[in-house]
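What follows is a set of structures for review.
Note that chain A is present in both complexes that follow, paired respectively with chain B and with chain C.
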Partner chain A sequence: MDNILIAATERSPELDFNFETNTFFLKGESYPEDVTEFYGAALKALEAHVEDLDGGTLNFTFELIYFNSSSAKILMSLFDMMEEVAEEGNTVNIVWVYEADDDNMEELGEEFGEDLEKANFKMKAIEG
Partner chain B sequence: MLATDMYEFRNYLRETGIIFCYSGYMTEDILVGIGKAIKQKLTMDDEDSKTAKAVFSIFVEQVQNVIRYSAEKETKDNKTELRYGVLTVGREDDKVFVTCGNIIKNPDRDRLKEHLVAIQKMDKAELKKMWKDVLRGETPEGSKGAGVGFIDIARRARQGFDFDFSEVDDTFSFFTLKAFI
Partner chain C sequence: MDFDLFEKEVRIIERGKTLLESGAITCEEADKEYKKLHSAYKKLFKMTKRLVKMSDRNEEKLNKLAQTLDEKSKMLEGLSGKLAKYLSPQIYESIFSGEQDVSLTTQRKKLTVYFSDIKNFTQTTEDLQPEDLTYLLNSYFTEMSAIALKHGATIDKFIGDAMLMFFGDPETKGVKEDARACLRMAIEMQQRMADLKKVWWEKGYEHPFEMRIGINTGYCNVGNFGSEDRMDYTIIGGEVNLAARLEASADPGGILMSYETYSQVKDLVETEAREPIQVKGIRREVKPYAVTSILKDNDQNQHVIRQGCNGFDLFLNLDKLSDEDREKAKQDLSKALASLGENAR
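Up next, the complex of A and B:
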């Protein structure tokens, strides 16, 4: 599987999916014109990749400043996908990075994280 | 005459606390452009970043609702499509408001009203639950397939929101939602 690296724009995040190291990263603002167009191919590739994962370790870092409701749907599906990957016996480490003074992003991270049972979840505050 | 009319229009907006006003076809480029200007203005006013972020977030959901759902639209060659709406952002007392209005079809009015009345009554925990249910694609009772945009607005509008309908004719109504932050 080829790695996917998309540079950030003012309305879409940096997307760095490394299938060799199983390291996945989303960073920046997310309110693209068309979420399916932006996330579709990367999500499909990730879904195909995790199917073959057997006893592996996967790291996913979210470092988002803002996301709209359409992007929230994508994030929810990513969290649910990661939980499934963990349920199948893989180690999944999710880190939610937020700016220390951004209560809303902190709360959203907690809301996504609280449904995880098998996947490891960590919140990390950084200075804005 | 020309200047007087425009000046009066401007004064009317200022008197009602409106800082930004846009009426016309809304596009994704307009969303990005006005969004930037709103952020800039709120930063210049030393608005705290929490308020500024909530205003921006509600603004995005409101404008994207117009871009996707306004019933007043122009289509060319079944491809390019423009949808019409009105947006104002301003201050009232110590609150910031984001108001958006657009034409909807009358049959959608009751469904929309029911949905908005339901979320207006919800507390924080109920809103969170509904937000998650809708994100997971399960249609919660009473929503009848409405998207998550209004729930998002309700979650971010810490001073609540108002909405109203005004019947245009047998086919259309004008819908307005005003969110307070």
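Up next, the complex of A and C:
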């Protein structure tokens, strides 16, 4: 499967899906005009990729500064997907990176992470 | 009782749970499917709650940002209001409305330039305490600026005790009306100075200020001069220098203007022609006119007739004519008419 690399814009994050190394990365702000257009193809590709994953390790890093409600729905779907992948016997490591002084992003990360039972979840504060 | 925004959803989940635990669903396959649906509903409910919470949080954040922006905008408004005092209101308006470009560009325009200063300022003020000098200068500039703004002058700058102003940019009412507005302003300023002299005298200032005014109408370069980092909206050119020269030659408490201004305002004032002067940068000989008295302002004045062209100059002030002079004027005009008639033949 071809890797997907989309550069960040003012309204959309950097999206780096590397299917060879199983590392996935979202960084920046997320309030694209059309959330399905931005995330749709990448999510479909990821969904197809994880179906074939068998006993593998997958790393997903989220480093977001701001996201709107539609993007939040996408993130929840991603977390769900990661949990399912972990439930199927794969190792899933999720890192939620947030700026140390951003209470909002910290709280959102905690909320997203609280549903995970099988996937590993880590919060990482960085200096803004 | 506490109100729960999601009361209905919570009840559905509870009902589902009770149903699943009751053992009422006897079919194992159906029981499994119901459990899945119940779990999916719980998940969706959690997602909804989270989204609503996040949406509220974002809204709160945006409101805070809007409030900060509002405070910043108010602060900028206050700052620009303070900065505005360093600029002529017309220049400020034209910059803030976007009409005026803040770049090093100039234009050539026919303006009426006003220049004034205080006669013997240095000698007059050398015995004054700084506090007294500050009071005198501030009251002088405050009063004069108010009159200038009333008449629509663009105040270029204060240079020590001197003032440079002009009419015709950035707003103009036409060369004639600009010159007339300038003269009206100069007259009102000198009248106010006469009042202020009394006030200052009574306050104990032995040598109250006396102002001299020079006015000239001509083509000047007007716009932003200086560097890209620090510029001044001002005027330059020989015609500006001429206004300064006229001011230097004016009587204390008087107004001296060039012919170019005089020709635009001659029905407003009585004047006295002075000795021509030469000014560096101006090729022509400059004929100055000193204002000697003010006629009833303006174009509706039926008591003053001022007409002229090359070889003809008529000035008639009915208010000033005695009966005897009136008769003489009639005779002179009759002679002039007869003379015109003869030449016509």
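FYI, the second predicted complex is superposed on the first by the 128 of 128 C-alpha atoms of A that agree within 3 Å, B and C clash if a C-alpha of one lies under 4 Å from a C-alpha of the other, contacts with A are read in each partner's own complex, and residues count from 1 in each chain.
Convention: a residue touches a chain if its C-beta (ideal position, glycine included) is under 8 Å from a C-beta of that chain, and two chains touch if they have at least 3 such contacts.
Since we're looking at a predicted model, the values are computed, not measured.
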{"item": "Joint occupancy of chain A by chain B and chain C, clash or fit", "value": "clash"}
{"item": "Contacts of A:110 with chain B and chain C, given as first, second, both or neither", "value": "neither"}
{"item": "Touched partner set for A:73, first chain B, second chain C, both or neither", "value": "both"}
{"item": "Contact breadth on chain A, by residue count: chain C or chain B", "value": "B"}
{"item": "First, second, both or neither for A:51, with chain B first and chain C second", "value": "neither"}
{"item": "Partner chain(s) touched by A:87 [first = chain B, second = chain C, both, neither]", "value": "neither"}
{"item": "Contacts of A:11 with chain B and chain C, given as first, second, both or neither", "value": "first"}
{"item": "Selected from 26-34, 62-70 or 332-340: the stretch of chain C that, after superposition, runs into chain B", "value": "62-70"}
{"item": "Overlap of the chain B and chain C footprints on chain A, listed as residue numbers", "value": "68-69, 72-73, 76, 80, 104, 111, 115"}
{"item": "Residue ranges of chain A touching chain C (in the complex, touch as defined)", "value": "68-69, 72-73, 76, 80, 104, 108, 111, 115"}
{"item": "Footprint of chain B on chain A - complex, ascending", "value": "10-11, 31, 33, 66, 68-70, 72-73, 76, 80, 101-104, 111, 115, 128"}
{"item": "Chain B residues within the chain A interface of the complex", "value": "28, 32, 49-50, 53-54, 56-57, 60-61, 64, 128, 131-132, 135-136, 147-149, 151-152, 156"}
{"item": "Chain C - residues contacting chain A, complex", "value": "43, 46-47, 50-51, 54-55, 57-58, 61"}
